[in-house]
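Below, chain A partners chain B and then partners chain C, in two separate complexes.
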Partner chain A sequence: MKNIIKLVTATLSVLIAFTSCNNSKQSSSGALASNVADKVYVAPGEHDEFYAFISGGFNGQLSVYGLPSGRLFKVIPVFSQDAEKAYGYSEETKPMLNTSYGFIPWDDLHHPDISQTNGKLDGRYVFVNGNNTPRIAKVDLTTFETTEIIEIPNSAGNHSSSYVTDNTEYVVAGTRFAVPIPQKDIPIKEYKGNFKGTLSFIKVNPEDGGMSIKFQLLMPGFDYDKAHPGRGKSHGWFFFTTYNTEEASTLLEVNASQNDKDFIAAVNWKKIEEYVNNGGGKTVPANYAHNVYDEHTQMATSTMKKEVLIVDPSEVPGAVYFLPTPKSPHGCDVDPTGEYIVGSGKLSANVTVHSYTKMIDAIENKKFAGEAYGIPILNFEDVLAGAVEQPGLGPLHTEFDNEGNAYTSFFISSEIVKWKLGTWEVLDRQPSYYSIGHLMIPGGNSQQPFGKYVVGLNKITKDRYLPTGPEVTQSAQLYDISGDKMELLLDFPTIGEPHYAAGCPADLIKPNSKKIYNLEDNKHPYATKSEADTKVVREGSVVHIYMTTIRSHFSPDNIEGIKVGDKVYFHVTNLEQDYDVPHGISMIGAKTSELLIMPGQTETFLWEPKQVGVWPFYCTDFCSALHQEMQGYVRVSAANANTPLKWSLGEDIE
Partner chain B sequence: MKRSNIIMLIAALLPLGLFLFPLWKITLEAPQYPTPLGMYIHINDFSDANPHDIKNINLMNHYVGMKYIPDAIPEFKIFPLGIIITTVIGLLIAFKGNYKWFLFWFILMIVLSCAGLYDFYLWEHDYGHNLDPKAIMKFTNPDGSVMGFQPPLFGTKDILNFKAHSYPRLGACFLGLGIAASLIAFFMDKKNNKKTVPI
Partner chain C sequence: MKTTLKLTAVLAAALLLSCGGKEEKKKEGFSYEKKATTEQTVKKEETVPASKRIDLNNKGIGPITSIELEAEIDQTMAAHGADIYKKMCTACHRPDKKFIGPAPTGILERRSPEWIMNIILNPEEMVQKDPLAKALLIEFNGSPMANQNLTQEEARAVLEYFRTLK
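The block that comes next holds the complex of A and B.
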C-alpha cells in the first residue's frame, strides 16, 4: 500500500512538473513570438529594408520579395511564358523565348546574382540561368523586366551559372551534363574522354549590360556543379566544383560517388582573356540565339549567332588547376576577402576550405600531384586551409557576413550552421523546416555582405502551412543573424522552388525604379501617340489596328470592315503618363493572353477571327471609376463581303 | 544718385524676377496621389510641378466636365508686356523722378496687380463652372445648383476627393517686394524733401 501511495505521489508530482513546465514554456514562447513579430513587421505603407530576388526554380521566373517582411512584390517573367503580363505571348516579347530549338516556353531558373562594381552590389542588373535549355538572362532593375537572354551553345544542364565577377566583367555559365562537342551520334557508353563540359565566360558591356560569349573553356567531361568568382585578392580567378570525375554515364548516384575526392577547378580567367585578346582560341561553328529587348522600340529581337570561340585549357599553361576536394563537392563559395574557397562535399562529414594563398604558392612551386587531361592537379594538403569538423550532414552552400563568419546549409540534417573563418569553430546551429538548399545573406557572396538576415531556401515544406492537397506551397525562412545566435523570425511561401536568391539594400535599387515610360521616347514602329493618329490599315488579309488607351476608353472603339480569315494585329499604346495606371485589353476568341500595357508603352496581340459577327473587347485592368465602360466592338464580315474599313470613337459609324 | 532713387531702381527691377520664377502654384492632393498633382503658373506659361501633372489634372477633371487647361492664354502675351512696360517706366522714374512719381508707380503696380488677380479669378471661375453638359459625373450643391470646381484664388479648399491649395510663389514675392520697395522709396524721398525744403 505504501508503495502504491509512493507511486501515485511520484506520478502526480511528475505530471504536475510536466504541466507547469508546459505552462511556463507556452508563456515564454508567447512573449518571444511577439518580440519576433516586431522584427519582421513593416507597417502599412512603409518599405522593407532589402529587396530579395528569389528564383522560382522549375517555375522559370524570378520573384521579388521584401525583407524582413517576406512580402511578394512582383514575379518577373524570365524563361516561362506569363499570361498575366503577356510575356512570351505579345508579339513584342515572343522573340525573348527563341532558341536554336525554336520557341521554348519554359526553363528551370536557378541562380540569381546581382551585378557588382568593385566587388560590391551595384543594383543595376540581376543575372539568372536557365538550366534545361542553357541560357543566361539579364533583368534590368530600373524596369524589373527581362531585357536580354543569351543561349549557351555546347552546354547542357547550365547549372554552375550566372555568377558575376567583381566588376561584372563576366557572368559565367558552366556545364553540368557533359555532352559530345560538337554533338554527334555516338554510343552513350563511349562517354569517357569523348564527352566534354564547357565553361562559358560571357562578357558584360559596362555601358549597357549587353552580353556576348567571349570564350568557352573546353573542359574534361565532369559535371561542373557550382561556381564562384574570386573576390578581392583572388579577383581574376573563377572556381568551379565538380562531381562525376569518374565520368560515369549511368546510375550516377552510385557510379559518380566512387572517387574519394573530386575537384574544384580553379580557372585564371584573366590569363585566358589575355590569350584570347592575343588571338588565341579556335572559332568553331555554332548556332545559338541572342535575344535583346529594346526599351525604346519596346520590342525583342532574336539573332542567331553562328560561331563561338573555344579555348583548350591545355594550350594555355597556368590557366586551369584542379584542387582535390572530398566527396562530390556541391557548393563553391569564396569569402569576402577572397582568401577562402569553401567546397562542401555533399557526402562528406566535414566542410573543406581551401586557401587561395596556399594555392598560388603550390602553383608557383609546381607542387603537382599529377594531371587530368593535361590539367595539373594540386596536392590536397598543399591547398587546404582547414576544415569544419563534423558540422552536420549534407553540407551544400555557404554565405558570409561582414564579421568573418560563414553560414553553411545542411540538407540532410536540415539546419544552418554558423562557423568562424580561420578557426573553423562551430558557433551556432538552427534547424530549418525542412531540408534547406541554398541560403542567402544580402551581399553574402560579395566583398560587402549585409549581415543582418539570412534567408533559408527550403526544399521541403510538409506541415508548415495549411495543407493544399498533395502539392503544398514552396517555402523560405528568415533568420536574424545580427546577434551571436541566429534566431528564426519568419516562414514565408514562395513561387515555384526557391532555389537560390540574391538580396540587396533597397536604397541601391529603389531610387532608380522607373515609374512610367515616357511617351515621347516610345520608338515602337506601331506606336500611336495621340488619339488623332489612331487608324486601321489593311495590307491584303493582314490588318493593323493602331489603337490607344486612356481613362476610360479605347480609340477607336468601333471598328468595321474586318473579314473572316484576316490576321488582325492590335497595336495598343497606353497614352497615360501617370504612375501605376496600366490598361489591359483582351479580345473574345483571341488565342493568346491579355495585354497589360504600362503608361507610355505599346504592345501587340494577334487575333484571327473565324466567325462573322460583332465581337467585343475590353480593358482587363481595373483602371478607373469607368473601367467597366472601357470596351469596344469589332464587326467581322464574311471573307468575300464588301464592308468598308471604318473606325471611330464617340460617334456612330457612318 | 540719391538713396531713395537707388531703392526705386531696385523696385523697378525686382518684378523682372517673374521671368525667372513662377508666379503662383496650384496643388491638388488626394489619397491616390502620394505625390500631389501640381501646376505652376508663370508670367508666360503653365508648367508641371512633376512631369505630366497638367496632363493628369486634365484627365481627372474631364470626369466632371472641366475643360483642358489650355496650352496658352492671351494673358501670357499681355502680362510679360505689362511687366516690361512698368519696369521701363519704373527705371525712368528711378533716374528722373521724385517721390510723387514713386507713389505713382506704386499705385500703378497695385492697380495692375489687382487687375491681374481679378483676371486670374475670372479664368478660375470659368474653368471651375463652365462645365461640359455631357460630363461623366454631375454633382449638385445641397441647394440643387450645379456644383463648381473652382480652385481657391488664395488658400486651401476641399473639392470632392481633392484638397486644392493655391499660393503665390517666388515670382510673386519679387513683384511684391518691388512694389513694397517703391513705397519705401516714396517715404524716404518725401522725408528728405521735407528736410531740404526749409533751406
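The block that comes next holds the complex of A and C.
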C-alpha cells in the first residue's frame, strides 16, 4: 500500500514536471517548426549522415534507415523468409533458416550491435539475436545481407544478446528462460535448483567474422535480460542484468517482482577464456545448426554441431560475481569510459549506477554479502557509484553521448531523461509519443559515441499518423541532442516493432558497400558465365536449366522436353556487370517466390510442373525499356511423352 | 488516328477473308502493313541506318581521346579480347549478325577506335550525348548498351579482336 502511494506521488510529480515543460515550449513552436524541418531535411540526391539499423522485433528483419531524414533504405531479412528477395525461398538461402528443429521461417529479432575495433565502431558487421529459437546472426555490411547464423543450444528466449566486446572478440547470447539442462521430462514445479540459465560466448574470427561457440557459462536459473561488455578499463568483463531471482515458474508479473533487489552478473570472460584455453570446462553432447553463406559459391550450407563446452562458474574462482541491483533491472549499460554500469530497475524509483573501480576493490578485499549457487554476492553499498533519484517511471535503457551525459528511456512515464554521469543530476527531459522502449545514439554504447541525435523506439503509436485500421504503424522519433536541451525533430514510421537499434556514421560503411558481384569470381556450381554455355540437363526426373539474363532477355527463352512430374531447377545467372541492374524471374505455378538476382550472381528456384501445356516465365524486376519483352516459354509434355529436350534463344532472328 | 483506321480496315478485311469459307490451309498469325508510312516519307534524307553510317572522325565521349593502332594486329591481345568478348558481350552481340545489338564485323571501317572503346567503357553517357550512339539506341529498339565494367586494358583487347573481324 505504501508503495502504491509512493508510485502515485511519483507519477503525479512527473506528470506535473512535463506538463509545465510542454507549456514553456508551445509559445515558440511557430518559429521553431521551420528550423526543425531544416534539421531533418536531406535534399534530393544528398546522403544522410548516419545509418541506423533498427530491428523489426517480431517481423524477424533488420531495417536500414538514414538519419536525420528517417528515410527507409532497405529491409534485410535475417530470421524471416522474404519473398521480395527470395531469402529463405531460393535453394541457395533455404539452409540459412535451418535449425535443430528443422527449417524455421521466422524469429523474433531484437538487439542489433555493430562490430567494434578498440572500442570504436568499425562498420564491418551487425550482429543480431533471434529470441524464440535461439540464434545469433551476422549481417555483412559490404552487402547488407545475412551471411551467418548460429543456433544457441541450452538456451530459450535468447534475449541478453548480441553485444560485442571492444575488439569483437566475442558476441554474447544469454538465455532469458532458465530450462532443465540437458532438457528432461520433469514437473515444472521442480524449477528451483533444477533449471539453469546459460550465457554463451561466441568467438568471432577476426579475419572473416566466422562465429563459433567458445563456451557456455552454466548459471543459476534466473532470467537473463540485457547485457553489455566492459569498455576500456573494464574490458575483459561482461555484465548481465537478471530478474526472477525468485526462480518462479508461474505468474511472473507478481512472483518475479518480490525481491527488493535482483542482480547484475559480472563475468570476467578473460579469466574464463584462459581457463578454457588450459583445458577447463566440460564438453557435453549438443545439437545445433551453424549456417554459413559463402559469397563465392553464393550458397548457404548448414552444418549440425554435436557438442558444446560448458563451464561451471563455481569451478573458476574469481570469474563471476553478483552485484545487487533494485528491482528487476532491464538495461545494463556501460558508459564510454568503462567505469559506470547502469542498471535500469524497471520497478525501481531510481536508476542505479555501479562503479567498476569499487567493484574491483570489493572483490580484492573479499567483501561479500553472501553467495548464490556458489557465486559470491557483493554488498550493494560497496559497489554503488550513485543513483539518479526519481528521474521517471519504468527506466529501460541508457545510452551515452561524448560529453559525459547519459540518456535513459522511461517506458511508464513515456520520456527520455538526460542526466550527468558522476553528479547524477537530471539535466533535461522530453516526452515520447508514446511509451518509449529502447533508444539509440550512434556509437552510444561504445567508447566513441556520436552525440548528435538520439532515436526513440516507441512501443505505442496511437494517433500520431493517419489511422490504418486496428493495427497502426510502428514509430520511431528523432531528437537533436547537440545542445543543452533535447529537441524533438521527427516522427518516422518503421517496419515491424522498432525494438532496438544500432547506428553509425555513413562514412564508415559507404566506401565499402559492394556494387556488383564479379562474374569471374562466381564459383556457384550451377553458374553459367556466358550465353554459349547455357544448357538444359536431364538427370532422370530432375532437370537443371542453366540460364542467363541480360537486358532484356533470358537465354534460353524457349525450352521443350520438360515432362509432368519433373523437378525443374532454374539456375539463373545475371550476366550484367553494372551497378543497379538486377533481374528477377518467376515461373507460373512455381510454389515459391520470385528470384531477385544481383549482377554477377546465380540463384536457383524449383518448379514442379503438374500439367501439360506451354507455360510462361518473365522478368519480375523492371530492368530496361524492353523489360516487358523479357519473357520465355517452357513446353511441358506428358510424363510418358518422347518430346526431345531442346532449348534456344532467338532462333528465328534474321 | 489514321493508322488506327487503317489497322481496323486491315483487321476487318482479314476477318472477312476468313469468313469466306475457303478451305485453304489456315495461315498462322496474321499480317498487315507493319512499316509506318510516316517514317518513310519524312525521313528521306536519313535513309542510311545508324548502324551502317560511316563516321571515322567521331571519337565519342569518354576516357579514350586518342589511340594509335599498330599496322600489324597483335594476335595475343586479339585472342585475349576474343575471350573477353565471349564472356561479356555475346549475350547481345553476335560477331557476324545483328542480334540484340549490331554485329562488330567490319566495325573499324565505320567507327574510329576511340569511339569503339568509349561505347564499351562509357555507354550511359554515350547514348545520351553522342549523336551516333543515340541513333543506334533508337535503331535497336531502345535496348541499352550494357556497361559490363571492362577495364581500359580489356576494352583495348576487345578492340584488337574486332580488327580481326572482317
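Here, the second predicted complex is superposed on the first by the 623 of 654 C-alpha atoms of A that agree within 3 Å, B and C clash if a C-alpha of one lies under 4 Å from a C-alpha of the other, contacts with A are read in each partner's own complex, and residues count from 1 in each chain.
In this section, a contact is a pair of C-beta atoms (placed from the backbone, for glycine too) under 8 Å apart; a residue touches a chain by one contact, two chains touch by 3 or more.
Remember, predicted model here, so these are calculated numbers, not experimental data.
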Checklist entry - Which partner, chain B or chain C, touches the larger number of chain A residues? => result C
Next on the checklist: One more residue to check, A:183. First (chain B), second (chain C), both or neither?
Outcome noted: neither
Checklist entry - In the superposed arrangement, does A:390 touch chain B (first), chain C (second), both or neither? => result neither
Next on the checklist: Tell me the contact category for A:555 with respect to chain B and chain C: first, second, both or neither.
Outcome noted: second
Next on the checklist: Going by the contact rule set out at the top, does A:35 touch chain B (first), chain C (second), both, or neither?
Outcome noted: neither
Checklist entry - A:532 contacts which: chain B (first), chain C (second), both, neither? => result second
Checklist entry - Thinking of the overlay built on chain A, is A:513 touched by chain B (first), by chain C (second), by both, or by neither? => result neither
Checklist entry - Just which bits of chain A does chain B share with chain C as contact spots? => result 516, 550-551, 576-578, 625-626
Checklist entry - Touching chain A in the complex: which residues of chain B? => result 35, 51-52, 55-56, 59, 63, 136-137
Item to check | chain B-facing residues of chain A, complex | outcome: 516, 518, 550-551, 576-579, 625-626
Checklist entry - Hey, which residues of chain A end up touching chain C in the complex? => result 516, 519, 529-532, 548, 550-553, 555, 575-578, 581, 624-626, 650, 653-654
Checklist outcome for this item: Per the touch rule, the chain C residues reaching chain A in their complex are 86-88, 90-92, 97-100, 141-144, 146-149
